[in-house]
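Heads up, the next two complexes both have chain A, just with different partners, chain B and then chain C.
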Partner chain A sequence: MGTLLEIRDLKVSFDTEEGKVEALDGVNLKVKEGEFHALIGETGCGKTVTGLTILGLLDNNAKIENGQVIYKGIDLLKLTEKQLQQQIRGKEITMIFQDPSTSLDPIFTIEEQMLEALENELELTKEEKLKIITEELRKVKLPDVEELLKKYPHQLSGGMKQRVMIAMMLSCRPSLLIADEPTTALDVSTQAQFLKILEDLKRETKITAIYITHNLAVVSEICDTVSVMYAGRIVETASLKEIFLNPQHPYTYKLLHSVLGIETDIEQLQEIPGSVPKLINPPSGCRFHPRCEEAKDICKTKIPKLQEISDGHFVACHKRVMEWTKC
Partner chain B sequence: MDKVLIEVEDLKKHYHTSKGTLKAVDGVSLVIRKGETFGLVGESGCGKSTLIRTILRLLYPTSGKIIFEGRNIAHLHEKDLKDLRKRMGIVFQDPHSSLNPRMTIFDILARPLKIHKIVKNRDDMVLRIVEILKLMGLQAEHMIRFPHELSGGQKQRVAIARALMVEPEILFLDEPTSALDVSVQAKILKLLDKVKKQRNLTYFYISHDINLIRVVSDRIAVMYLGKIVELGEKDLVFQKPLHPYTNGLFRSVPIPDPDVKIEKIPLEGEVPSPVNPPSGCRFHPRCEFAKSVCKGKEPKLMKVEDGRMVACHLYQ
Partner chain C sequence: MRTHGNYIFRRTLRALFTALGVSLVAFLILHLAPGDPVKIMLGPYATEENVKALKARYNLDKPLYIQYFTWIKNIFTGEFGTSIRYNRPVSELIKERMGPTLILTGSGLLVAVILGILFGTLAALKKNSILDYITTFQTMFWLSVPSFWLAIVFLYIFGLKLRWIPIAGMTSFSSTILPIMTIGLRQQAWFARPMRAEMLEVLSQNYIKALKAKGLKYEKIIWKHAFKNALIPIITMVALQLPWIIGGAVVIEVVFSWGGMGSLLVGSVLSRDYQVVQTILLFISLAVVAANLLADILYTLIDPRIRIER
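Let's look at the complex of A and B:
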């Protein structure tokens, strides 16, 4: 499998009233063709910012300080707004967000909004576009498609709206999907239906996805590779099985064992001491060191690099890498 | 453990809307025992929040009984509710909106003490507030802060502290961790567990998170469209859910294990509107085992074996 997208040493900061926020500090990520790559982490770790940077959707107060985002050989960070809009967004890379009720415009019908997504397809007639739209809506198992097209977003349930979003993005035939917490606003039964649809898509269309979430259980259902983020950096990347069975970074381990469902007894639940640091004045060295029970002196001063310790398993931790080089 | 604290009998809360009567809670009966943790699970819109707000008498019930320590409080007059407010506490889902942004943490925590005239003087008040902050793992200096200066987890600790100020018998916890990150969630759940043991409290959790209910509860109930469909000892219900809805709901939960995948969609379709709910058993249009009796007759919640009840014609 080739690499579809590669992020190299990406640094993004935000100017705020309180100071400069170092939201991303040297993110390295490789997404292979055809895989579902999970980006997990807690609120504020930078997973959404990573997604928005890829598509050039950052706010005005954001500054890309360093790095490259290589997609099919092109550095996306060098493209102009016009190039991004005409060549990349929707057509090549598309994003679906957490809350489908805010992604859809309440004053337009589903038909009007789905046609708008195909606006750049100049060679298609309206009839051809409608045919594509109906087909895609059927693919995501929405009933009574003709009637649905005439409806407004408020007439649909949350699960249906999220499926409309999926159909809309599919109609543009993108190669890469960035899904940002797409099931967080859904109930478990609707979530199960949604995950099933994604799984079918993955099998049938071979689409690649970056799946941003904090929910490890959802990750274990549909993702192939997992990258764990903490305070603006990737601390571990490995296959799904490796992450669950052989987590290396102390943060990954703690995170896994604070998940209800992995632990079913309240006594066994792991606590991570302290809280997620503010990124205005982030801790020096390894950003996890103030909360890490295994921290050594070197962790306070030197930033650990993401290093491969076994085939496809990368970890950014001084202690783990040292242990690994010894044996 | 077996002493009854609250008994709810055929409780109903209906709303009149332009489209018809919305039956948010439609004939719920349950018993809460002293010292237990009772967990109520259901999807959004099933009526679980309305149910606890009605039990707490934050809402006026349409009909039914709520017996709290031997007294029916369902139709008590507003002015007689003050004593009740002291005995039953609630912690809401979102601490960002449940704490007044213009009050300091001290004022937020002092208010219940003032309202219920619990303390004699200001020194006593400060002492109690410092003590509760310590219990919650916060520092005394947090007193002078405003909610926006605290993290989500810290705010939820303040919300729990506020509920505990008046030393209630029972705490209702309405999705107390769903606005928080997983690592913070683990801390809050452990804290709640510690406080419960220290103070011999009774907890009534409601959540859509089945894993959460599984971790915290002694007994659980499953709610669907305003009704309880299954109720029983947690271990029994999780080992072998009897109601087809419970079964489907539990199987919809993604399991955090890379070797286990959801094979087939456990629950097809969506929850119907509570304004015109399906006749008979409300779950029948989505139930693979539905028989003709399910369409016509509403199943009653009945005891099927020791420690569990189910409302389904398959077992009656």
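Let's look at the complex of A and C:
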């Protein structure tokens, strides 16, 4: 499988009233074609910013300081707003958001908003477009599609809206879907339903996805590869199995052990001491070192690079990489 | 679930009750105020008999509630009574004066709505640009000057100094420009500022990001989605501003010697011409009630959430 999207050394900062926030500080990420790539981490670690940067949807106070986002050989950061709109958004890459209740325009019908997704398909007649969107809505298991098309967003439940969103985004046949915590705002049973739909889509459409979440259970259901983010950096990337069975970065380890699972035999729930650092004045060196029990002097001064320690397993930790190179 | 028709019916019923209440207030406010129209008319040396006879002629000797109900009853038959000052039917006077007032307030409102929405939208789209700052400055300026002062300054500059436009009356098309612009320029400030705020608010909404994510054209996102959403609260603003526009028009009519209902009203108040004053007050109040009703109905056409839910 080839690489569909590669993010290289991406740095993004925000101008805020309290000062400059270094939201992303050297993010490196490779997304392979056809995989569901989980981007996991605590709130405020830069997951959503990463997703928004790919599509050029950052707010005006954001500044891309450095880096490349290579998609099918093109650096997306070099494209103009117009090029992004005409060539990338919707057609190649699209995104669904955390809160479905605010993701649809309240004053237009579902039909109107679904049809907009196909607006650039000039050769299609309205009937053909209607047929496509009806099919897409059926694919996400929405009942009474004909009636649903005439409805307005406020007449739909949260779960239905999120399914409409995904049907809408998929009807333009993108190659890459960025899903930003799509189940967080849904209740648990709706979450399970939604994940089942994603699983089916994955099997049937071979779409590639970046799945942004802080929920490990969700990740284990549908993702193939996991990247763990901490304070604006990727600290570990590995296959799902490797992450769960052989976590290398101390943060990944702590993260896994701070969640209760039925299958895991963890005796006591552990919390990670300290709290997520403020990115206005982030810690030097490895940003996790103030909370890391294994931190050494080098961790306080030198930023650890993401290095491959076994096939497809990358980790950014001085201690682990040293241990690995020794044996 | 209540239907759309039901909603409009209930709103109309409510408007009718409001109108009834308003008619009572319009009636009482005048009759309870000091001053006697008959005495004003006949002068200080009138005899007791003359005063009595005249009062009987205009029904002013009856108890207040009888006068009120007679008035209401007559309204439905198109009988608004007789003006004491002009000794002519009030309906005739109003028919003459209604047109000029409608032209003045209607055009003023139209100018205000168009300019306000235009300035507000552009200021939001070009936030923190020169255009945005100019909009902030000009709206603050118009909001700060009283309309009578503005009317006099306009008259001085364009009428007396530059001699572009006749200074008073309704003689030609050019004479309508100053009074209309006095209303329009001031009122647009009331619409431009909320329009800018609404537009910025809508543009920061999640669905705008989602529309971008599906690859929709910028122009469509702005003019189809953001603009229409931002316009909803502005409809209420316009309805709420209508009383102020009418109130402002009264003053402006007097300054520009504009022969509308406003100048008729002022003259009639000064001479305690009850029938005329209460009829005009009623007409103005009904216009305001009707505008609010219209705003409510317009709302339902543009915002589906109100159409179906409430």
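The rule is simple: the second predicted complex is superposed on the first by the 321 of 327 C-alpha atoms of A that agree within 3 Å, B and C clash if a C-alpha of one lies under 4 Å from a C-alpha of the other, contacts with A are read in each partner's own complex, and residues count from 1 in each chain.
Criterion: contacts are C-beta pairs under 8 Å (C-beta built on N, C-alpha and C of every residue); 3 or more make two chains touch, one makes a residue touch a chain.
In this text, all values refer to a predicted model and were calculated from it rather than measured experimentally.
Q: Quick one: on chain A, after the overlay, do chain B and chain C clash, or do they fit? Just give me the call.
A: fit
Q: Please name the chain, chain B or chain C, that touches the greater number of residues in chain A.
A: Result: the larger residue contact count on chain A belongs to B.
Q: Check whether A:131 is in contact with chain B, with chain C, with both or with neither, and answer first, second, both or neither.
A: Neither partner.
Q: For A:255, using the defined touch cut-off, is the partner it touches chain B, chain C, both, or neither? Pick first, second, both or neither.
A: Only chain B; A:255 stays clear of chain C.
Q: For A:218 in the superposed arrangement: first (chain B), second (chain C), both or neither?
A: first
Q: Which partner does A:119 contact after superposing on A: first (chain B), second (chain C), both, neither?
A: After superposing on A, A:119 lies in contact with chain C but is clear of chain B.
Q: Quick check for you: in the superposed arrangement, does A:240 touch first (chain B), second (chain C), both or neither?
A: first
Q: Quick one: classify A:305 as touching chain B (first), chain C (second), both or neither.
A: Neither partner.
Q: Taking the superposition as given, does A:152 touch the first partner, chain B, the second, chain C, both, or neither?
A: second
Q: In the overlaid three-chain picture, which partner chain does A:63 touch, first (chain B) or second (chain C), both, or neither?
A: Neither: A:63 stays clear of chain B and chain C.
Q: Give me, in Å and rounded to a whole number, the least C-alpha distance separating chain B from chain C in the superposition.
A: When the complexes share the chain A frame, the smallest chain B-chain C C-alpha distance is 7 Å.
Q: Indicate the residue numbers of chain A shared between its chain B interface and its chain C interface, in ascending order.
A: Comparing the two interfaces on chain A, one with chain B and one with chain C, no residues are shared.
Q: Give every residue of chain C touching chain A within the complex, in rising order.
A: Going through chain C, the ones touching chain A are 205-207, 209-218, 220, 225, 228-229, 232, 302-305, 308-309.
Q: Spell out the part of chain B that touches chain A in their complex, as residue ranges.
A: It comes out as residues 43-44, 151-153, 181-187, 189-190, 193, 208-212, 214-216, 248-249, 251-258, 260-262, 265-268, 270-271.
Q: Looking at the complex, which residues from chain A come into contact with chain B?
A: Counting only chain A, the residues touching chain B are 42-43, 157, 159-160, 187-193, 195-196, 214-221, 240-241, 244-245, 254-256, 258-266, 269-272, 275-276.
Q: Quick check on the complex: what are the chain A residues that touch chain C?
A: Listed in rising order, the residues are 52, 55, 57, 81-82, 85-86, 88-91, 94-97, 99, 102-109, 116-117, 119-120, 152, 154-155, 165, 168-169, 172.
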